[in-house]
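Next come the structures, one after another.
Two complexes follow with chain A in common, the first pairing it with chain B and the second with chain C.
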Partner chain A sequence: MPAPGKTLEIRTSPHILSGYSVDSIMFNVVLALLPVTAFAIFAFGLAGLLTLSMALVSCVLTEHLICRATGKPTTIGDWSVTITGLLYGLTLPPSLPLWMVAVGGVICVAMGKALFGGLGYNTFNPALVGRAVLQAAFPVAMTTWIAGFTAGRFTSLPSSTLTLPFTEPTVDAVTSATPLALWKFSRETTAVADLATGFTSGSAGETSSILIILGGLYLIARNMMNWRIPVSIIAAVFVLSGALHLVDPTRYASPVFMIFSGGLMLGAMFMASDMVGSPMTSIGCYLYGALIGVVTVVIRTWGGLPEGVMYAILLGNAVTPHLDRWFRPRVYGTATKEAAS
Partner chain B sequence: MAVSTKTTTDEFIKGLWKDNPVFVQVLGMCPALAVSNTARNALAMGLATAFVLVMSNMVVSSLRSFIPKEVRIATYILVIATFVTLVDYVIQAISLDLYKALGAFISLIVVNCLILGRAEAFASKNTIARSTMDGLGMGVGFAFALFSIGAVREIFGAGSLFGVSLFHDAFQDWVVMVLPSGGFFTLAGWLLLFNWIKQRKAQRERAATLSLTEEAAR
Partner chain C sequence: MEDGTPCPLDTSTPDEIIAAIQEAGVVGLGGAAFPTHVKLKVPEGKFVDTLIINGAECEPFLTTDHRVMLEQSDDIFVGIRYLLKVSGAEKVIIAVEANKADAAEHLRATFPGDLNGSVELLRVKYPQGAEKMLFAALLGREVPSGGLPLDIHALCCNVATTAEIGRLLPLGRGIQERVITVTGPAVKRKGNYRIPIGTPLRFLLEHVGVEEDVNRVFLGGPMMGGAASSLDISITKGTSGVTAFTDSAAERTHSPVYPCIRCGYCVDACPIFLDPSLLGRLAANQEFSVMAERHNLMDCFECGSCSFVCPSHIPLVQQFRAAKAAVRKAAAGKTGAT
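Up next, the complex of A and B:
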């Protein structure tokens, strides 16, 4: 492109550019994820580091190889697959065998992204597709959580991490139930301060709500994320679980607990707000967020699993094309409904 | 249909590959997805369907000049249902376990679109010999397809084939593969492979004819 003001530029619109591109937005999302990633490695030590690295490497490598095989220029430079890999790694339990991490990474990119046509065409969030398949394939390994902040976490690994490919993992590390599982199966609550700061067990990146919110605020401040989505998800969860809690506090967890526990923050901030899988209009975003929030509470409260954010977001992704069709903005210059009738 | 240049062997072979009922025509999806969780179930289902297909093709074709057009579908269903009942009792006699595993899907062979489709589109217009070979080809093709799906699902889902353990005891089962979604994944994988092979073949043929015409032009 010639320098502005020097030559007469004749080309198609848009003529005014904000300077944002796919690469720069994606790179900023990676930046926003870095604090969460660092905390995951700090909390779970070597196991967290290896899980995250394996997730990242398997996703990026799969994308590169698929691009090579289909004769397209490689797209790993646009940072989108880096986000997929990071988010996918952050949703995994840190003691997951590395071979399972690799299998899921291949599924993320191959099935969740490449089969649909690559970035911009992936109906479902690729990271969650990979995780959902893993959850269905290896339900035991995917729900075995090691305790964070153990003394030897930087020097030793849980035995399950290095399980030989295709064999069943054996767990020798101290396992610990997630706050949601504790609530679901034994009605124990976890202190909100622990939930917010991340001193609980859980998936690698879902524990520290505060750092996730910080990353999300950074993206919102730079106008790289639609704030309506996380806000409406969290509001929906808060309102619905709050109403339930008011009805019967012994059976339904408090709304604050619901918001800060499990993968809700990570899902709301970074996965539901994925630009490809979320609606384009504001009203669509509100409805999309509300749907995800309601489904999350329903699964957590009445479903068989303690956590349901993943399925809620995948369901939201599936509804997105319909929301886009139902809530089309009026095309500028055309008649409004009232005027036409 | 029924071009005289085609031999009966051609009618047999087309069902195996070129017009494979599952991988090319994508017919009979209900049993192909529902009971293909192990190789044994899949193969039993495939063979049962193949038997019904051959017999119904044979009978429909031999009766083709007697069946009034208006009630042909009802007549086909009657013929098919007769053989399905036969198969139902035979499977029950051979293995009760298998019978329970296949469940309602044995009776549902009656409404398998593949069988009715062959009766309507082929057996009602062709000789007995051709119709039998057509049924045999389609039946074997269907059984082969079900077995390919069932084998993959059993190997991943349980680490075994026909109940025989293939790997070390510590093999991690991929639970998803024996669940319904595993059927869809496996079927999609095979369809991908088949379409890829077909596409490559078509491309090569196109390239060959292109180079031939170029040479002819010279």
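Up next, the complex of A and C:
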């Protein structure tokens, strides 16, 4: 029994917490991304490793330096910038010149995150902001894809990787069109088994749908991701592209192909579901996912680009605050609009 | 103990019963300690059709309702008869959480044949024991924003309160003791105790034994209970539990605060569908009137679920309490000026 003079601590209720914390959620997202990252390095060898490392280092360093420059304690310990760095690296073509990777990494964090006020305030997914700027600035380099699983991938680099800044990159490695480009420009389909396992070309981390889904399931199981978002994106893509495919299978790709190709799986699981940029209510999440899915199919089918997931998610991010405002749940004890009128 | 004037069930009028309840000093024993006789006065033009007896524990950790239902069912049924007579309700529903199936079974087995009513099992989900939640779950009715249960013809009374009415009124006694859950990581002999009102907290804790390094003691449960500033205070009628934590068990609430990441956990957690995330941002900017006028701040009953789930450890409900106080103060200032 404590002494009579013992001081008790006084706080206001609640006195217990659920145990979730921002840093543990973010760290678990990093964990969920590790299999995809490892596969990217396995598939693209040194080029993949250097691209991902440069992406990660440039993002983390930018955040750290901005915090230092603005006189705030560094925020790299909350793991959120690690996610940005990894996701950004995973969306890049593995042969992208490293200086471009670094420029994009700075843009991700400085423009996509710090400018808006840092964690929690960024309207758009920072990784996609950096990627979108690169896509506009370096359209050729951003759409030059090397083949994965080449024999010398762990001993040699594509010459483009080490291109000096502001010089034209030359690509000597075996280049290879992505499944979506093959379909768009020559109507060739890729076997779904190859798409799901990742034995195709593409951005570093978007090729293996199975590993992406595994990472997503891990986060859903731990209640660290809203399953409604990936499910509604994939469902919207499947339904819309399926309907088009039924109309004319020679002009419109099959829905299964659409789901497993390009950046859809990575975008749906890890980028659209980013908590900061996605709606908070269930109905908002369904609509947000449906919008992203529909825009993706529209860009892929009728747009000039073979891939549209990035722009679809950025558009979804922009609509999120409106979805949150329009679909606020009815508060207990307040009449519905119909009942009130 | 000397008995007062008994208030027999059969021969007393509703007004006499209400007076006897007031005389006995019965208040809501769930923790709010709202005077029961005030709640029972049904104004002219209003009526009650359903009486709900709340056996859904108001807080995690607390088990007083459970023990009362198992050990005082006879008192509860007598109390129900008094309450039905006073309120004019046609039927009674005893609400029990699904994890207390033994209590529900016992009440069903002893349910008097001439009483119109039932025992209902409810999902175990804090804050199920809040009366607003019970009305929605059992009757599908919502108390209007700013209104009273009477507006939806319902009346809710805690099981322990009901049992006390049933025990005291026939004898004409006043309330002198109550059942209290004494629990928490710092307590050695956790359990439910019948404690005389006015017992010093220190005496109670000495009796049940607490760890040397106890550093936080709450009157009530861990979600809504107030922190005791000293052990030299007394147990009151509103003390439904005493929860004690040690230094080591309390570390969780010392976590750093992060910015809101819009995860939506609080939006899912809020039992009355407020947007705690938005209210939190408004509170940080001291926009109290916007919170009250446009975002239903005053409907918040401070269950604390939003703060409990927040991964950024933002003190949401704490800010809402302060905001509500500020809004009430501003309103009082206005009426005072006219």
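For the reader, a short list of remarks on this structure follows.
Note that the second predicted complex is superposed on the first by the 315 of 341 C-alpha atoms of A that agree within 3 Å, B and C clash if a C-alpha of one lies under 4 Å from a C-alpha of the other, contacts with A are read in each partner's own complex, and residues count from 1 in each chain.
Throughout what follows, a contact is a pair of C-beta atoms (placed from the backbone, for glycine too) under 8 Å apart; a residue touches a chain by one contact, two chains touch by 3 or more.
Computed from a predicted model, the values in this text were never measured in an experiment.
Contacts of A:Ala151 after superposition: neither chain B nor chain C is touched. Residue contacts after overlaying the shared chain place A:Thr334 against chain C, while chain B stays out of touching range. By the touch criterion defined above, A:Pro169 reaches chain B but does not reach chain C. For chain A, the partner with contacts to more residues, out of chain B and chain C, is C. In the superposition on chain A, A:Val133 contacts chain B only, with no contact to chain C.
In the superposition on chain A, A:Gly120 makes contact with chain C only, while chain B stays out of contact range.
Contacts of A:Val276 after superposition: chain C is touched, whereas chain B is not reached.
No residue of chain A lies in contact with both chain B in one complex and chain C in the other. The part of chain B that touches chain A in the complex is made up of residues 167-168, 170-172, 174-177, 179, 181.
Interface residues of chain A facing chain C in the complex, by the touch rule stated above, are 1-2, 4, 6, 8-25, 78, 118-121, 226, 275-281, 324, 328-335.
The residues of chain A lying in touch with chain B in their complex are 100, 133, 136-139, 141, 166-169.
Interface residues of chain C facing chain A in the complex, by the touch rule stated above, are 132, 136, 142-147, 202, 205-206, 209-210, 212-218, 220, 222-232, 243, 245, 250, 252-253, 255, 258-265, 267, 271-275, 277, 296, 299, 304, 307-313, 315, 317-318, 321.
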